[in-house]
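Input: one structure, supplied below.
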Amino acid sequence: MPSEQNDPASRVPPMDSAEGEVIMTELVLPSHTNALGTIFGGVVMSWIDIAGAISAQRFCRKQVVTASIDDMAFVAVIKLGWVVHIRAKVNYTAKTSMEIGVRVDAEDPKTGVKHHTASAYLTFVAIDENGKPIPVPKFLPKSADEKRRHLAAVKRREIRLERRKKTN
Amino acid sequence: MPSEQNDPASRVPPMDSAEGEVIMTELVLPSHTNALGTIFGGVVMSWIDIAGAISAQRFCRKQVVTASIDDMAFVAVIKLGWVVHIRAKVNYTAKTSMEIGVRVDAEDPKTGVKHHTASAYLTFVAIDENGKPIPVPKFLPKSADEKRRHLAAVKRREIRLERRKKTN
Amino acid sequence: MPSEQNDPASRVPPMDSAEGEVIMTELVLPSHTNALGTIFGGVVMSWIDIAGAISAQRFCRKQVVTASIDDMAFVAVIKLGWVVHIRAKVNYTAKTSMEIGVRVDAEDPKTGVKHHTASAYLTFVAIDENGKPIPVPKFLPKSADEKRRHLAAVKRREIRLERRKKTN
Amino acid sequence: MPSEQNDPASRVPPMDSAEGEVIMTELVLPSHTNALGTIFGGVVMSWIDIAGAISAQRFCRKQVVTASIDDMAFVAVIKLGWVVHIRAKVNYTAKTSMEIGVRVDAEDPKTGVKHHTASAYLTFVAIDENGKPIPVPKFLPKSADEKRRHLAAVKRREIRLERRKKTN
Amino acid sequence: MPSEQNDPASRVPPMDSAEGEVIMTELVLPSHTNALGTIFGGVVMSWIDIAGAISAQRFCRKQVVTASIDDMAFVAVIKLGWVVHIRAKVNYTAKTSMEIGVRVDAEDPKTGVKHHTASAYLTFVAIDENGKPIPVPKFLPKSADEKRRHLAAVKRREIRLERRKKTN
Amino acid sequence: MPSEQNDPASRVPPMDSAEGEVIMTELVLPSHTNALGTIFGGVVMSWIDIAGAISAQRFCRKQVVTASIDDMAFVAVIKLGWVVHIRAKVNYTAKTSMEIGVRVDAEDPKTGVKHHTASAYLTFVAIDENGKPIPVPKFLPKSADEKRRHLAAVKRREIRLERRKKTN
């Protein structure tokens, strides 16, 4: 993982947040489910990662790789034939990395009832063709919602750095 | 295919158009492309069908099957690593069927340049558990855009019925 | 899309029609079907596109891309465990493009009963390594059946060009 | 494996060989190949098994399971973008089982050059809904080619039974 | 999520830890990687989830669903053609849930050099046929290594419960 | 296929057998099974080939292709939701090829009962970047078990060469 001290001078110009927003819709097929017709957690994680990667890539216009994912809970099951909505947004940027927030909702298409299933925070790093980290544009929160999410992301980042220190 | 004369009496109550709208985002992977790194037309058709089916299903809250697809042209190629946006909306409803309009745009994530790739019109039929066609709610266009799309769909339907007559 | 006026001088030599014929057989697996065990229309379209592309490629011996597909109807459902037969043949060639006819039949393997499911007409364009359209051999219909299909393809092409004019 | 002594009395009536013939065509995609762009042997085996299973199923009109496969060699490599032809035919039937012969050829679509890649002999057993072996129709070779293949299959069956004795 | 207070009386008898251990090996194919030939984080998460689910299921002999995953970092990239080793083990059990530890290593098959890629801790809940949580056997650590991992899992569980309290 | 006379002089140095051992675990998903929920033989063959290829590749540290597979029988069915264990080991090496032994066991995760399903012997050839066969390290059996398997492999190789002579 690259060191990510703030070095504004080497930065590319800031970019609009809306650019990075991604909406994905998936239909739960038999190959996504176990013997009871319930989705595998890993299938959801895989969609979260793709949505997050597209969001990060659309924001920085570079190839990205997943660096980390925060702890997440699956608070409701998702069943065969349901429709899954995945929404990904940039929350925060460091020198070469971006925190993307992803929210997953599942909908029973017969009733239209929606269940919040999971929320995830992923960090992606922008890389060049040799796989070396490269600077990303700075995310400048504008709306009240963006400012709130940005602030929360800053706190999460502090917790992450704190935890990593403890582990080493 | 079921006969679809208008019989308002047997209809379930009308429903809001926004319910049926679907936004899908897909990333073009190596398994979607040929030896030159260009997407297969059939992969795009497959995404169009899934987006259309979810849209129809979300509108009528029943299981649906694809009944037909109008002629469509692929006006731009889509390449490995690009992001594909699929947008599906209800345009028109008959007794047991719905016309769904789908628009496909492809985006080169490195530059952000978007290319309109294809537009498609599909007809889905709502079916019960024995596979028999069943009535769908009536689509009532509200916005100016919805009214324009509804009118165009009525014309396409006339052309379809005309064509089918000629073929028989 | 390339302009496709007839310019026989720049053509590569004509080729036998039988070369381009393709027969595909597919087994309907759980991942191809919805919650009622009925195949997705998009899966069938995807097989049609692959069969058509192989047929076009085998005829012109070049890489091809899907340019368009005519309107098509699914006249019978296909179920989990059934066997699907796809047959693709060259009907007509223009300067850089080929019309391929595809017929889909589905068979219940328990009874052997076959159902005609769909017929489709696709146009493929031959491309070089830079994605530029390149000439294809001329299709010369020989048998009575080929001549009949060739004539019908010429008419379909006129209708397509007519429609495109109207849209622009 | 079920005992397969001949008990003609319990047999269902004989059936035409042509019924069981299957022709499959597959396009080699990136997900079928290793880092050098060469197909995995297991992908070919998987297609051989599907073609054989469809052939056996079409012959006996029952669900079937793979019981065994004879030794086979891959005599030529198959590359990314090539077209693979798989042809499966019934050679012989015992009480509840069928020997299916499968031949695989690969074609470079750019040149049209075909390479014989592999030949395989598989035994399938017909089963009922509880997974118990059930009688299959008797295969009656008619053409000279069918008679030759039938005779060869009888010899292979003797060798198989001989080998199994040695192993026990 | 079920409440998981200790109620030894309702427990099924304890079971050997080795039962729950799982070793998976995966080959990185083109369909697992992005345009730079680097694996998607979500593919790795998906393998981690499957390995963890098999481990949990093998331990409790019941159907399981993923309840949560702790934060994890990808400390090294994995490339096309590499071999991925996934190792999953039970660390701890509560009344109806199990913590599974998963370790992922990637190996360049040309050199044999192995890279530790990620470590993950997942919680799975055992469910009955109606999706209701049911008791699992108690995990009794025996070896020094198992005792060490068990202790660490107890601490992680406290942190998780603490965090959840804060969020609510 | 390359000629494989022993020419110790051109050999690369011998290597430890344990290097080549591979353990794979797979979960049987709906997309692996037929309409009765029983796995396709071809799916098992595909896993056998991947496990064998990884084993051969890990032993010789080169790209490999499948050259042949000995006859094999499926002695027990494998069902949806079961766990499949595949174990692959080097048994013998010739100049440019390796015999890999693979054993497949299936486990019902609800009961823990394991069924030996199939055993297979595959030959892989090491190739360079142009697809030409290249020498592999010599496998030196050490343990009693390895010596027994090595001896059996030598006999199988003689039978294979004998058979091939007869066929030509």
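Chains here go by letter, A, B, C, D, E and F, matching the order in which they are written, and residues are numbered from 1 within each.
Here is the rule we use: contacts are C-beta pairs under 8 Å (C-beta built on N, C-alpha and C of every residue); 3 or more make two chains touch, one makes a residue touch a chain.
Since this is a predicted model, take the numbers as computed values, not measurements.
Asker: Using mean Cα positions as chain centres, tell me which chain lies farthest from chain A.
Answerer: D
Asker: Take the average of all CA coordinates in chain D, do the same for chain F, and state the distance between these two points in whole angstrom.
Answerer: 21
Asker: Just give me the whole-number Å value for how far the CA centre of chain B lies from that of chain E.
Answerer: 41
Asker: So, what's the distance in Å between the C-alpha centres of chain B and chain A?
Answerer: It comes to 29 Å between the two C-alpha centres.
Asker: Give me the residues of chain D that touch two or more other chains.
Answerer: In chain D, 30-31, 34-35, 50, 53 touch at least two other chains.
Asker: How do the chains pair up in terms of touching? List each pair.
Answerer: A-B, A-C, A-E, A-F, B-C, B-D, B-E, C-D, C-F, D-E, D-F, E-F
Asker: Along chain A, where are the residues that touch chain C in the complex?
Answerer: Chain A residues touching chain C: 29-31, 80-81.
Asker: Of all residues in chain D, which touch chain C in the complex?
Answerer: The touching residues are 19, 22-27, 50-51, 53-54, 57-58, 61-62, 83, 107, 109-112.
Asker: Using the touch rule from the top, collect the residues of chain D that touch chain F in their complex.
Answerer: 1, 34-36, 38, 40-43, 45-50, 53, 63, 65-75, 77, 122, 127, 129, 131, 160, 163-164
Asker: Residue numbers of chain E touching chain B in their complex, please.
Answerer: 30-31, 33-35
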